[in-house]
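Common to both upcoming complexes is subunit A, partnered first by subunit B, then by subunit C.
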Partner chain A sequence: MEWFAQKWQVVESLAPFLLHGLWMTFQVSMIAIILGSLLGAILGVMKTLDSRALRLCIDAYMHFFRGTPYLVQLYLIYFVLPSLGIAWLQFDSYTAAIVSLTLYTASYVTAIVASAIDAVPRGQEEAARACGMTKAQRLYHIIVPQALRLTVPPMASVYVIVIKSTAVLSVIGLSELTRQGETSILRMPQDTMFIYALIAGLYFLYCYPVLRFARWAERRVGSSAAAQENA
Partner chain B sequence: MAVNNNEPGPRPEQGGADQRMVVIDCISRRFSIDGGKTVVTALDDVSNYIDRGEVVVIIGPSGSGKSTLLRTLNGLESIDEGNIVIDGVDLADKKTNMNTLRADVGMVFQHFNLFENKTCLENIVLPQVVVLKKNREKAERVARDLLERVGIPDRENNYPRQLSGGQQQRVAIARALAMKPKMMLFDEATSALDPETVNGVLSLMKELAYDGMTMAVVTHEMGFAREVADRVIFMDGGRVIEEGSPGRFFDAPESDRAKKFLEQIL
Partner chain C sequence: MNWLNGIYNFRIVSDYFETFLNGIFNTVWITLVCLGLSVFFGIFLALMRMSSISVMWRTAAAYIQFVRATPLLIQIYLVYYGLPGLIGNFFDETQTGIIALTLHTTPYMAEIIRAGIISVPKTQTEGAQAVGMSSAQAMYHIILPQAIAKLISPLLGQAVVLLKDTSLLSIIAVFELMGAGLIMFSETVSATESYVTTAICYLLIYLMMLVASGFIQRKLGGTATYAT
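And now, the complex of A and B:
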């Protein structure tokens, strides 16, 4: 009983602090997910166009951001870029977080979208071409809609990875959930384990609905044709 | 020359300067495979023509270049040498809009290639709206008429995968016809069908031929070729080896290769 009372006190005193961290984590990751998905969708479509130069550039970008740890990318963007002396590359920690996380997210989304487009059977593109549709019309009406449904399952796991990557943002002093937790531990070192458990619980609280939503979306996309037909 | 001869129907008098729908002039097409080490000559200096209202059936062994030839006629395949003129439109001309040309040349594929994300009706409506800029209502009316004509009026809200192969191919034919094409290309349109649905699709193609549609047909259905073709073209190794009326070709082939091919297939 006493144990519970003591822990409850910890929770009560830390709640506003940790919830602020969760809110920051939510905000940064959501913005990065939305911007990163848009950027990734555009780059993914561009990667499948006929231009070799374009494809090489996008490949280089993808390999860099997927082949290096996010922490390194964050350091580069927050600590190294400003030293170049270009005014608009002097990011504060919030902007650096969003820029780096958006680029990181987009690198994965680009790969997912490009391979989903490649997975649409060739005959679909050919038939659309044979009808006289332009490249843009083919993409818009036929290819991208069919590719999108293939992206739902892998996209969800990328989103969860992105959410968890925000923990790294504590190193540039952004007051997100992990950072708030570490600060709390400094204040209450005797409750280290409990506070870590609280943080883990809060991350789970955020990630789990995302995964659930993904599963729901997956089922919906898969059966949308059947649903329409019954309507 | 903008000869707007979109409506199937009576054909111009034979012998006029405008009698040719397609003129194929010394075309070649090569593919380099395994990283450029090997070059396959799919079409080797082919010249030919298709007249208005003519039904040309192209036959030949596997890999002889039949599909490649057909696909050059709507620009799905580019050519390395030579030239093709379709209804006065020069395909090699940089100013030719290939998409406009493709809207005028209908194509039916072996594997139907209906748009999987669209209903049957939408498959037929979409190209009319997007390419021909028709208004939706008109396009739907055309689509429903065509579905009726190809014999499946009650499946308009089904998705392609809910239809049998034969039904899908009928929708694919309707989709091509909705564009009011000057000419239709069929690449083994019945090869992927169950035996019992082959005849339905063949008789649909026959009807089109008798309605005066200009057609280039790649097929292994020799009965169809004999009955419907105005001219048979036999290809091998990327070249036209022999051509003639079906009666002449099937009963008295001249080349050894054609004789051997017919022996194997009949």
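And now, the complex of A and C:
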């Protein structure tokens, strides 16, 4: 009982602190998910257009962001860009977090959108062309609505990855959940394990529903879209 | 070349050539060890997850869900601060890091392996039973070989994720590629040279893995494509 009372006291005194961190995590991840999805959708559609140069550029971007750890990308954007001496690239930690996380999200979303568009049967595109639709009309009326369905399950898994990646932002001092936890531990070093477990619990509360949604969506859409994503 | 020196001074980088080489070496071997361990334990976790005994699959499912829904960084901290309390200061940082990464990667491997096992048609199991194999024998001789052939490409994808995840070990003072970059930054205070070099090294490893995985897929994936 005494153990519980002591731990409850820790929870009570840290609650406002950690909840502020959770709010920050939520805010940053949501902004990155929204901006990253928009950018990724645009790049994904562009990747399927018949331009070799465009496809090469987008491929290079994707390989760079999928081939280096997020931690390295964060350091590049937070430490290297400001040293170039261009005024508007002098990010503070909040902007750097959002810019890096958006680019990271978009690199995954691009791949998902491009492969979903490829998965729409060719006959659809040909039939639309036979009806005299322009490329833009075909994309807008025929291809994208069908592809959109396929993107939902893998997209939800990517969102979980993005939410979990926000923990890395603690290294540049953004006061999100992990950082708030580390600061609390400086105050109460005897409860290190308990505080980390508490943070893990909060992340779990945030991520688990998204994971469940991903699985539900996968079952509804069929696992074909998700299987492609792994390749 | 002077304009390049202003942005990216390769003379400083050449001083740290050996540091980065050691970093690459450590990153690669840590990745390989974790990959081996997590595939090995992943097979058991997948079997546990598919077990019909409620305690077994519930424990496995809870573990898998916990790992998938919490950030790796937190898991590393939990292992790093929790392990000494449980068994004393038995492991150094690198070993602790390997344990944390293996604990993190095993559930992902287990899910991939489970998907592979499920994809093997049920008639294969029935056929094995018909020739008098026990369920363990059927698993070992019939199901797993077919499942593994189908798993290669998602497994290699996870291996790339694992390679990138090793960078987080630098936070608990494991010396690997990211650690090499951090050492160079703390000694020279030139962010561009340190971090761009780190990124280039990661990209080189990644590209080599892409080439290797294409090769492995062509070599090993052959029988699986015939089976379906």
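Keep this in mind: the second predicted complex is superposed on the first by the 211 of 231 C-alpha atoms of A that agree within 3 Å, B and C clash if a C-alpha of one lies under 4 Å from a C-alpha of the other, contacts with A are read in each partner's own complex, and residues count from 1 in each chain.
To be clear about the criterion, a contact is a pair of C-beta atoms (placed from the backbone, for glycine too) under 8 Å apart; a residue touches a chain by one contact, two chains touch by 3 or more.
Just so it is clear, the model here is predicted, and its values are computed rather than measured.
The superposition on subunit A brings subunit B alongside subunit C with room for both.
Once chain A of one complex is fitted onto chain A of the other, the partner contacts of A:133 are limited to subunit B, with no touch recorded for subunit C.
By the touch criterion stated above, A:196 is placed in contact with subunit C alone, subunit B being left untouched.
Judged by the touch definition given at the top, the superposed model places A:188 against neither subunit B nor subunit C. In the superposed model, A:39 makes contact with neither subunit B nor subunit C.
Once the two complexes are laid over each other on the shared chain, residue contacts for A:165 go to subunit C alone; subunit B is not touched. Of the two partner chains, subunit C is the only one that A:204 touches; subunit B does not reach it. Between subunit B and subunit C, C contacts the larger number of subunit A residues. By the document's definition of touching, neither partner reaches A:89: not subunit B, not subunit C. For the three-chain overlay built from the shared chain A, the minimum Cα spacing from subunit B to subunit C equals 17 Å. Residues of subunit A that lie in the contact sets of both subunit B and subunit C are absent, per the superposition on chain A.
The touching residues of subunit A, when paired with subunit C in their complex, are 63-64, 66-73, 75-76, 79-80, 83-84, 160, 164-168, 170-171, 178, 192-193, 196-197, 199-200, 203-204, 207-208, 211, 230-231. Within the complex formed with subunit B, the residues of subunit A that make contact are 121, 123-124, 126-134, 137, 141-142, 145-146, 225, 228-229. Taken in their complex, subunit B has these residues touching subunit A: 74, 76, 99-107, 109, 111-117, 119, 126-127, 130-131, 157-159, 162, 172, 175-176, 179. Residue ranges on subunit C touching subunit A, taken from their complex, read 7, 65-66, 68-75, 77-78, 81-82, 85, 112, 153-154, 157, 160, 164-168, 170-171, 178, 181, 185, 190-192, 195-196, 198-199, 202-203, 206-207.
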